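Please go over the structures that come below.
Common to both upcoming complexes is subunit A, partnered first by subunit B, then by subunit C.
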Partner chain A sequence: MRITFPRMGTSYIAIADLLTGLGNEVILPPPITKRTLDLGTRYSPEFACLPFKILMGTYLEGIARGADAIVSSGGVGPCRAGFYMEMHRRILRDLGYEVETITLEPPKGHMVDLIKQLRRLINVPLSRVWSTVRFAWGKLELLDIIEERAYYLRPREVVRGSTTRALRKCLSIVRGAKDMEQLSEARNKVEEILASVPIDPEAVPLKVGLVGEIYVVLEPFANGEVAETLGELGVEVHRSTYLTKWTRENAFLDFFRIPADRDAKRLARPYLGEMIGGHGIINVGETVIYSRNGFDGVIHLAPFTCIPEIVAKGILTKVSSDLGFPVMTLYLDEHTGKEGVRTRLEAFVDLISKKREKEQGVAW
Partner chain B sequence: MNVFLGIDLGSVSTNLVLLNEEAELIDSLYLRTGGRPIQAIQEGLRVLGGRHRGGLHVLGAGTTGSGRRLAALVIGADVVKNEITAHAVASLKEVPGVRTILEIGGQDSKIIILQDGVVVDFAMNTVCAAGTGSFLDHQAARMNIPIEEFGERALQSKSPTRIAGRCSVFAESDMIHKQQMGHKVEDIIAGLCEALVRNYLNNVAKGKDIRPPVVFQGGVAANAGIRVAFEKALGVSVIVPRHFDVMGAIGAALLAQEAVADGRPSQFKGFDVGIRDYVTNSFVCQDCPNHCEVVQVIEEGEVVGRWGDRCGKWSASVTAPTPKVPHYLEGAI
Partner chain C sequence: MRIGIPSTLAYYEYFPFWDVFFRELGFDVVSSPITTKAILDWGVKHTVSDACVPIKLIHGHVRALAEEGVDFIFLPRMVSVAPKETFCPKFLGLPDLIQASINNLPPMLSPRIYLRFGRMSLFRICGQTARSLGASRIKGLRACAKALDAWHAFLRSIRQGLTVAEALGLRQRTGTALRGPRLALLGYPYLINDPFISANLLGLLEERGVQVLTAEMVPSEDLKRLSRSMRKNLFWHYSNRVVWAAMYYLDKEMVDGVIHVTAFGCGPDAMVGKLVELEAKGKVPFTTLSLDEHTGQEGIITRIDAFVDMLVRKKVSA
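Up next is the complex of A and B:
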């Protein structure tokens, strides 16, 4: 079994280690490029969402590299993503590719199935599973930390582009770590590299929260590099969704009935009492939280035709006007031009910086 | 005379304006971009410079529009600004208390919501260009009516025909159908205006809180039929500013004035950029599967700008001095 998986942001680095450590031969999904998207769009239903199309392309590129099995996660709640693995499998079959598919559903309500699926992935003695999982998790956490730090550094950097260069260096160091010991060395090295990016300590950047559907929030290719663009426009970005956080909540906390995202769900309740699937309800709550925590605005990233995000967008309009808090939705699909995203982001940054100026008054 | 220059390099038209130090419009020029943006700018500067026989001293220059980066590079701009902000700045100058700006141009349309002189919300059309200038142009040509008379003809209608306006292709077939049914041309034109306004309000302006004073600008504001259709649909009077067709350029000039207010010298290269030799070309970078189309601008044999690469290796490789811009604008150039 040569296995491939969806590529989402930097997570592929840790996921590859996890699958390899569990005794699988891994076909690393190639970076998502225009070719991936073209390929995916050609073989996808037109009104499927952008993540579906990118995944379709990724799988085809993985198969071309020799993959014969795909592992992916299932969806949460009433969102089409729950069907995606099966849809992808059928499309691939019609194209003449018989691949094995392994779908990891959140444990709540799917425990037996999840164990069954996981056992297909575990091809080493059980005694080695724990250390492998711990190592991959550690990597994933470090990757999330690096990204979070880059969001902080970018608007403060003295030399344009130095954060992005440092970030790339860090990622390649993390990729190279092969065991727990090397990982902790990598952690130190990463700290060193990030600390050496010269920043302006006096800068008080604007702060923007990123909410939206997890795939388009996490994968820069899917969102026209929103986070990087905002950073270079002098905005500190904060993301509510990190893969470690999402997995913890959906795979563990939810299973043990520990309410995750307590605040977000509670704060969303005046607007939306129903679970609408995907990240709809969380986005509403997170927006309220960002507004209370002194952020200047929120960018809502939504795949075009995504039902949970369409619902969220409608509600966010109300949240925005109730709180006097700027929220901009960007719909993303294969026709989205990077320039169009850029123009809107520039205008949004103008808007929030004028608003801040006005609220703080002129400093005499 | 001391002036501020504003250029709005759009997909369909290129507009240039000159403001004096009191921020009053002293000259403006509207050109078709015609797919040759650099030539349009050069031509515009040549004409403007010629009209004033070299008596102009440019204190500041600003650019906006989808081609703002290119324009900034060619002329040496002090400020590069997105269209939303530029339009809002110009509108605020003309109608100080403005709350809503409806802007419809050649291929795009936008709505801007303001409160106490500050933009609080905006939207641009995304997937659909129905109702923009290009479509109206096309329909006017098809019906053999000069575009300048299109709006006036619409106003002559007593009972506008209902036209399906969701999609410009279907709107056209519906119009043909209505013509064949024997509806009067005026009624069809008026119906089209109403359909386009419905389309705009449902798509671009959806969910926006439209409050008066409402300003309508952009090239399509020349069309009185559309203005009246807006008034009918919104139930408020709609103001079309004097220089409705060059508001973006006016905004860019006003922003240039602000940018050099601290007394810094302008980066403007002079009206003679018209005689300098500019070449643009593009190539597809083959270094990774992204296959980015990299565009480069060559001034007098020297590469002065490159963009289009995702990874930044080409845009970062330009050695020629890039125009100095305020720090917060660096990302924009």
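Up next is the complex of A and C:
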């Protein structure tokens, strides 16, 4: 079995380690490019959402490199993501590719199936599983930390582009770590590198929260590199969706019925009385939280035809006008380019900085 | 007191139920007029951009009821009526979306319809709804029982071959002899049976002598059986019915072709359409009819004529 998997942000680094460590041959999904998307779009239903099309392309590229199995997460609705793997499988079969699919459903209500699927992935003695999982998880956490730090540094950097360069260096160090010991060395080195990015300590950048559908929030190619662009425009970005957090909530807390994101859900309730799937309700609650915590605005990322996010957008419009808090929805599809996103972001940043000036009075 | 019910979305499945329910409680029921150009235009203007046309329509219908001056607008939050499925997420958030986009509405009555315990849950919801309108719980339960009878009669007439639109009295058959091909006309009831947004699709097919079979006509026992045969089912109420119906008609070789009717930009249908297309592949011809606010009757006529002609030619040559 040669396995490939969806690529989402930097997580592939840790996931590849996990699968390899469990004794699988891994076909690394190539970086997502225009070609991936074109390929995926060609074989996807027209109105499938952007993540579906990107994954379609990723799988086809993986297959071209020799993959004959795909592992992906499942889901129980109400949004489409949970049906992705089954749909992808049928389309691939129609194209003449018989691939094995391994769908990891959330534990709650699927424990037996989940264990069955996991056993297909575990091809090493059980004693090695725990250390492999811990190692991969450690990597994932470190990757999330690096990204979060980059959000802080970028708007403050003295030399344009130095954060992004440091970030690249960090990623390649993390990628190279092969065991727990090397990982903790990597952690130190990463600290050093990030600490050496020269920043302006006086800077008080604008602050923007990033909310939206998880895939497009996490995968820069899918969102036209919003976070990087905002950083370069001098804006500090914050997002609350990180893969480690998401996994913890969906795989563990949910299973023990511990409600996650309690605050966000509570604050959303006046506006939205129902879980609408995807990140719908959380987005609304988080927007309220951002507005209370002194942020200057929120960018809402929604794949075109994304069902929950269209509802969220309708409601965010109301939240935004009730609170006098700028919110901009970016619809993303295969025609969205980095340049288009940049233009819209520039306009938004312009708007919020004028708003801040007005509220604080000009300093001179 | 007058209760307003918008004539779209769940209306096409549950109106006979709620109509009787509220009348039994002693209220007047006002349904919004069947979709008009004005209703559509208002909806298009006031709904969040990129919504599908049915969601735009319901904004227009709710608005029409408000202008009518009804005392309450009844817009239940349709969450789930069967195990392991929900309605499309847009249904789930609908009452909130409407509140967020339309100002000065009469009070909305939006009980959460989640029938986890089947009929029991329904009775509970009806009891509570009656209470919230000042009627007694007992009266509510009795009205619920009456409403169920009416609803079952409605379902029976559909099983006997009426389309939803006919069972609701929105259109009559003209009596044209149906000598043409048999088509599975699959899609959401609020698209296919809305004479305006579908540009009178049912009428057009009848004029051409086409025998139409819809998802609602499939016996529910068969739907259940088919749902078990899928490796994984979809999550959405109407979508599942479309997919299962396609499998049913194809397995039984009951149809000469399949038309999937969809709303432009519909999220679930991106999956549904492809599933049905793959099911039909190698069996019978398949086509998609996509509807939105700009669809004109001309376009639809061209599409169905081409499809029907093709089926006829195929039959002759066979």
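Of note:
FYI, the second predicted complex is superposed on the first by the 361 of 364 C-alpha atoms of A that agree within 3 Å, B and C clash if a C-alpha of one lies under 4 Å from a C-alpha of the other, contacts with A are read in each partner's own complex, and residues count from 1 in each chain.
Everything below uses one rule, namely that contacts are C-beta pairs under 8 Å (C-beta built on N, C-alpha and C of every residue); 3 or more make two chains touch, one makes a residue touch a chain.
It should be emphasised that the depicted structure is a prediction, and the values quoted were computed from it without experimental measurement.
Within the superposed three-chain model, A:Asp179 lies out of touch with both subunit B and subunit C [touch as defined at top]. By the touch criterion defined above, A:Gly82 reaches subunit C but does not reach subunit B. In the superposed model, A:Asp350 lies in contact with subunit B only, and not with subunit C. When the shared chain is aligned, subunit B and subunit C each come close enough to touch A:Tyr331.
Of the two partner chains placed around the shared chain by superposition, subunit B and subunit C are both touched by A:Gly314.
When the shared chain is aligned, no partner comes close enough to touch A:Glu192: not subunit B, not subunit C. Of the two partner chains, subunit B is the only one touched by A:Gly234; subunit C is not.
Look at A:Asp94: by the touch rule set out above, it reaches subunit C but stays clear of subunit B.
Looking at subunit A, you'll find residues 304, 314, 317, 331 touch subunit B in one structure and subunit C in the other.
Residue ranges on subunit B touching subunit A, taken from their complex, read 66, 81-85, 116, 118-122, 124, 126-127, 207, 209, 288-291, 310, 312, 316, 327-328, 330-332.
Taken in their complex, subunit C has these residues touching subunit A: 47-51, 77, 79, 84-90, 92-93, 95-97, 100-101, 112, 231-232, 234-236, 264-271, 273-275, 278, 281.
The touching residues of subunit A, when paired with subunit B in their complex, are 30-31, 33-36, 160-161, 164, 225, 229, 232-234, 304, 314, 317, 320-321, 326, 331, 335, 339-340, 343-344, 346-347, 350-351, 353-355, 358.
Listed in rising order, the residues of subunit A touching subunit C in the complex are 44-49, 52, 76-80, 82-83, 86-87, 90-91, 94, 271-278, 280, 304-308, 310-315, 317-318, 331.
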